[in-house]
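Next up: the structures, one after another.
Consider the two complexes below, in which subunit A is the common component and subunit B and subunit C are the respective partners.
Take a look at the complex of A and B:
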C-alpha cells in the first residue's frame, strides 16, 4: 500500500542522492537501473535485508526494519525511550546498520564457544548509539536461537528503588522485588520457547512451604518468581546460576548446545555507587544488592558457550561527571579489574554517509517541518549544530 | 616655566559671568564647556566680584595673546622633549603632557591638558551694541539674533526661488524635472552643531522649525539655485565599513591560508584561528564544540557567522576562550570568528556582515552595585514607617 507511493516520493531523493553516493553496492546500482513499478531497494538509506545475520559492509549507513513480531518478543524492554517514541510516531522500527554492531556480529560469528565467554563492551560519548548497537547485536543473537539475557539498564537497579527488603537468603543483602519481577516478566516474553526446554539441576527452597524441585523447567522457575514477588530476586539469582551451568551444554533441538547472550546496558552501574539508603541513612553499596551481586557473578568469564555484550552509559550513571566516557573512567578500578580482559568496541558519532542517510530518513518520514531545514544549507546547519551526534541530531530535528 | 603658566579656568569664570548674561554677554552654553584644568591658575580667579573682570578676559586681544603663549609653549615643550618644534603636532603635545604629568584620575576630563585656546575657550560673541547702547543687529531684542537672522535669510532665499519660478512660468519655461541637489550620503546638522555654528543656545522646537524650513526649501523644484546655502548646513556621512580593521591573511608552512582574530564579551576573551580548506570542524580549548557548549543557544551563536556567509563546511576553526560564563564565552567566540572571517570575504559582504551586527562588540557589562541599594537596581524593602 504505502510502498508504491513511497517509491514515487523517494525517486526525487534517489536522484538527488545518486550523484553523491554513486559508489554504492552492486545491489543498489542494479536496483536503481531496473526502476520497476514495484519498489525494490527503495533508496540508499533503506535496505530490505532485515536479518542481522546477513548484514554486511554494503549495508552500512542504511536503515533496516524490524518486524513487529520480533519487536514484541525480543525488545519488550530493551530500546531507549526516545527511540520508542520515534517508533510510535513513524509507525515503524528502523535501525541503522553501523560499523560497531557489524564488527560485534562478525566476532560473534567467528568466536569459539568451547572457550570461556568473551566480554564485549561498547563505549563512546553520550548519545552516539551504544544502546542501539547493543540491540542490533541482540537481534542477531535471537535470530540465531540464542537465549538472550538482556538487562536494559543496570542503573535502574541502583537508584530510585521504592522497596528494599532484606534478603532471606543472606541477611546482609537487600532484595528489590519490583525490579526483579518486572525483569523476569520481560525475560519470559523474550525467551519463552527456550526456557521450556531447560531444566533445573538442583532443588531450590524459597520458603517453608514453597520450593522448586530438581528437573522442573526453567519456565516454571520464572513463573514462580513472577507470582511470588517477595522471592523474585532470589529467583533471578537461581536462574542466572542455572544458565551459567547449562550454557554450552547440549540441548534438545540444537546441535551446538545452548548459547547464552548476556547483554547489560549501563554495566558501569555494577561497580559504581548507589543512591539507595538503608533505614539508618547509611549508603547501600552495590554488592549489598542481590540483583547486582548475582549479575556480577554472571559477568565473570568462568563459563563457556556464549558471550557477554555490555555497554557503558554515563547518562544514567550516578556521581560521574558529564564528559567521561572511557571504560577506565566509568568502570572505576574495581570494575575495570573485574571486566578485564574485554574487547572494547568504540562507537563514534555519525560519519558523513551515515549522517546523510539519517537526514534523508527524516526527510522521508516528513519529520523536518521547518522549510529551511529542508534546504542544503539547513542540512549543513543541522549537522554542524549537532556535530553529527545521533542523539543531539534527533532532538534537533524533532524541534525543527 | 614661563610658557607653562596657565590662564584662568574658563568654566569658573563663565559660571559667574552668566549672572550678568542677560545684560551684557551672550555666552555659549555652560554644559558643554571643555573643562580643562590648566597647569596653574592665577589668584584673580578666586575673586567673587567679577563685574570688573567680566568680558575683558575673553576679548579678542586676550584670545590672541593666549594663542601666542600657546605656540611659544608648544615650542618649549618640543625642546624639552627633544623633538623638532616645527613638526610638533597636537598628538605629540598630548603624549608629552601625559608623560610629564602622569595622572591617575579616572575622569579623563580632569587630567592635565594643553590645547589650542580655540578649543579651550568657548566661542563668544563680541559685544552686540555700540557706544550709544543701540544694538547693531536689528533682531537683537528677539534674544536669539543669529537664529532668527538665519531663518530670515533662508526664507528670503525661498522667496527668491519662488520669484525665479514665477518668472519661468511667465515665460513658459517652467518644468518639474530639474536637477535636484544631491542629498544622498549627507545629513542635516545636528542641534549641537547648529548651536556651535550660531554661538547661541536654541531649543528643540527652534531646531525642528529650522529643519522644517530647510526641507520646505528643498521641496521646491528650483531649489538647486540655493545649493551652496543648503550644503553649508549638511554634513557628509562617513562610510562605516571603511573604518573596519580586517585581520591580515597569513599562510602556514603547508601553504594553507588562515587568519587570527580576538573577541571579547563581558569578561570573556576568545582568540580564533580560522583555517581554509577544512571540513567544518570546530575545536575549542582542545575539546569539541558539542562538548564545550551543550546548550543549543551557544552553538547557534557560533554557527551564525559561518551560516551568514555560507561557509559552513569550508573552515577548520581552532579557538581558545577563557573567562566569563557560557553566554559570554559564546558571544566572544562569535565576535572573534566574524572578525577572522572578514579576511576571506569581498568588500560588499564585509558591509553586509557589519550591518548584520556581527562585528559590533556588545558594550553591556555588569552594572555596579550602588550604596543604599541591595544590588544595581534592586532596592531594600520599602517601609512606609
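Take a look at the complex of A and C:
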C-alpha cells in the first residue's frame, strides 16, 4: 500500500527529486508539465525542512538533509564512522528526525540561561541512535549561533594513546599532545567566527619564552595550541576555563550573550578505566590525564549560559560488559554522583513509522540489492531480524 | 516321501501335546528332516539336535503366571512386602519399556532387562505405608493440639535442628555423615535492635538468607553429633551477645560500609543543594544559610527527587526507576 502511494508521490514531485529512476522516467516526464506547485513534503520519508529549529512532531520519522557547508563546519569530527561511509555512498547527508532529539531541542528552546547549565544525557541500547540524536541537537545549537564544544568520543582519549608526556603544569598528570592538537584543529573549524570575538581574561605562561597575554582573542589561543603541540593539552584546559567564565556574559554581536553547548559522546569514559600504562607498567587513572581532568570540571553545573549534552556509549567503552546500557551501570558510582542531577533522555529502537521510513529511504537510494528484500515479506524479515535496531538494520541492508 | 511322513507325524504329535508350532519351527523341522534322516529324534520344541552330554534333565514347564490368579481386591503388600526386583509374572500391569525398534513398539515386560535394572517402589504403595504407620503408632506420642499451624510452630520453636541418620548393612554401623548438624533460626524471632541486626548480618555473611530471613549454621567440625549440637548453640549465643555490643572502632563506619543508601549527607544531596542555591542566587541577597538549606530541603520537588534517588540506589537500576528519576529531575530543574 505505502509503496503505491510512494510511487504516486514520486511521480508528482519528480521536479524536486535529484535522482531519476530510469524505470519510471517515461511517465514522469509528462507529469512535469501538469505539476502546478512544489509540495511541501517530498515523499513519505523526507522533509524539506532542514532547519532544526523548525523541526516539530509532524516531521517525526522523516529524513532531513544537511547541506555540505554545514556538514564541513559543524561536523568535522562528530558523526559516527558507519554514517560517514553511508554519506559518501549516497552522496547526501540525511538524518532522521526522532523524538529524543526533538525533546532535547524543545528543552533547549525553553530553558532559562541565567540559571546553572542543565545536563542532559542520552542513554539506550547499542546502536539505537544516541550519537546521531546528539548531532541533531548540535546542529540546532550551531544554527542558533551557539559555541559548540564537541568531543566526538571521549573513549578515544583514554585508550590507544601513542604519546603520553608528563604535564609541565602539574607533575602528577599526563598530557596527550596528539589528541589535544587534533581536537583543537576541529574545534577551530566549527567555531571560527565566534572565537575571534572572545578575549582571554588572564595571562597564560606556557614556557619560559612563550606566553599569551590578557586580552588576546581565543582564536589566537587555539592557534598557539595547534602550533606548539607540546603544550596543546594545557591550551585545551585554559580554553575550557575561559569559556566557562565567559558563557552567559554579554558578547559583541549577540544581545543575549554567549551560549555554550558542551557535547560529549561516550561520557562514561571520564569515570571509567583507561587502558594506558605508565612507564612502570601501573595503570593510569582517568583523572591523571590532563584532558580528562579538565573535561570533568566542564561537566559540573557551576557555570551558566548553556547546556551540557552528553551521551553514554558501551561500544567504545573499556572493561564493561556488552549488554549494559543504563546510566548508573555505565557511569559507575563516581560518575553518577558527579553528573547528578541530570536529565536522562532515553533513546529506543525505531518505532513502526520510523522503521517504515528507514526502509523506504534505503529503497529510494537503491541500497537494497537482493530482490527478496524489495518485497513485503523481505521487509518484514529485515525488521524482524534487526528488531528495529537502527545499527543492525543498516548492517543487514548493507549485506543484502 | 519320508520327509512328508515326518512332517505329518510331527504335526500330529504337536497337536496332541497341545503345543503350537509356528511356521518357522515347521520349516526348520522339515529342513532338519531333509538333512539328517539318520538322526531323526525330535525334541518337540523344534530346535536342532545337539549331542546330549551327561544325564538328561527334563526341563520343567513353567506354570501360569501369578498375575492370572490375582483378584482386584488382593493385598498388594503380600506380593511385595519389601524391596524386590521387578517380577513380570507378579506385576499385573501391561507395562512396556525400551526403544521401539523398526518403528515398532517398546518391548513387553516379559524378560525385560530394563525394567529389572531400574529401582522400583512397588513395596511402598500407600497401603504399605499405612501399614508401616500403624505399626509405628504405638511408639509415638500425640502431636500437641495447640501447634496447629506453621506460624504457631515458628513462634514456640524458632530454632530448627536438622541431622541425618544412616542405616546400612555393612562391616560397620557408623557413618561419619551423621555428625553434621544444621541449625536454622529466623532473625525476626531473636531480640535484636537495628544496630545488632546489621552487625549480626555482617558477622555471619553468607550464612544469612535475605529472602527468607533465615540464619543457617552448619557444624561438622567435631566428631560426634552431640558435640556439634553444643557448638552450634554456643555459636548462636556468642553471635547474639556480640551483636548487641558496640565496639569503639564501629564509629569509623564509612558510607561504603553501609548496607543501604541514605540520601542525607550524600553527594546527591550536596549537589542538589548547590544547584538550587545557585538557581536562587539571582533573586535573593544575603540569607541565613541554615534556614535556606531547611527551606530548600522541604520543597516537594526535592522530596520527590530524594525518593527517586534512594529507590534507584537501593532497588537497583531498571527502566522504571530511571524514568521516575527523570521525572523528578525535570520537575526539580524546571525543565
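Everything that follows uses one rule, which is that the second predicted complex is superposed on the first by the 361 of 400 C-alpha atoms of A that agree within 3 Å, B and C clash if a C-alpha of one lies under 4 Å from a C-alpha of the other, contacts with A are read in each partner's own complex, and residues count from 1 in each chain.
By definition in this document, contacts are C-beta pairs under 8 Å (C-beta built on N, C-alpha and C of every residue); 3 or more make two chains touch, one makes a residue touch a chain.
Because the structure is predicted, anything quoted here is derived from the model rather than measured.
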Give one word, clash or fit, describing how subunit B and subunit C relate on subunit A after superposing. clash
Applying the document's definition of touch, where does A:329 land relative to subunit B and subunit C: first, second, both, or neither? second
Going by the contact rule set out at the top, does A:387 touch subunit B (first), subunit C (second), both, or neither? first
Which partner reaches more residues of subunit A, subunit B or subunit C? C
Now for A:344: first (subunit B), second (subunit C), both, or neither, which partner does it touch? second
Partner chain(s) touched by A:396 [first = subunit B, second = subunit C, both, neither]: first
For A:114, select first, second, both or neither according to whether it touches subunit B, subunit C, the two together, or no partner. second
Subunit B versus subunit C as contact partner of A:375, first or second or both or neither: neither
Any idea which of 96-104, 186-194 or 204-212 of subunit B is the one running into subunit C? 96-104
Spell out the part of subunit A that touches subunit B in their complex, as residue ranges. 125, 322-323, 377, 380-381, 384-387, 389, 392, 396
Applying the document's contact rule, which stretches of subunit B touch subunit A when the two form their complex? 280, 282, 287-291, 294, 296, 299-300, 303, 306-307, 310, 312-313
Parts of subunit A lying in touch with subunit C, wherever the complex brings them together: 107, 110-112, 114-116, 118, 123, 301-302, 304, 326-329, 337, 340-346
Residue positions on subunit C within touch of subunit A in the complex are 266-268, 271-272, 274-275, 278-279, 282, 305, 309, 312, 317-319, 322-323, 325-326, 329-330, 332-335
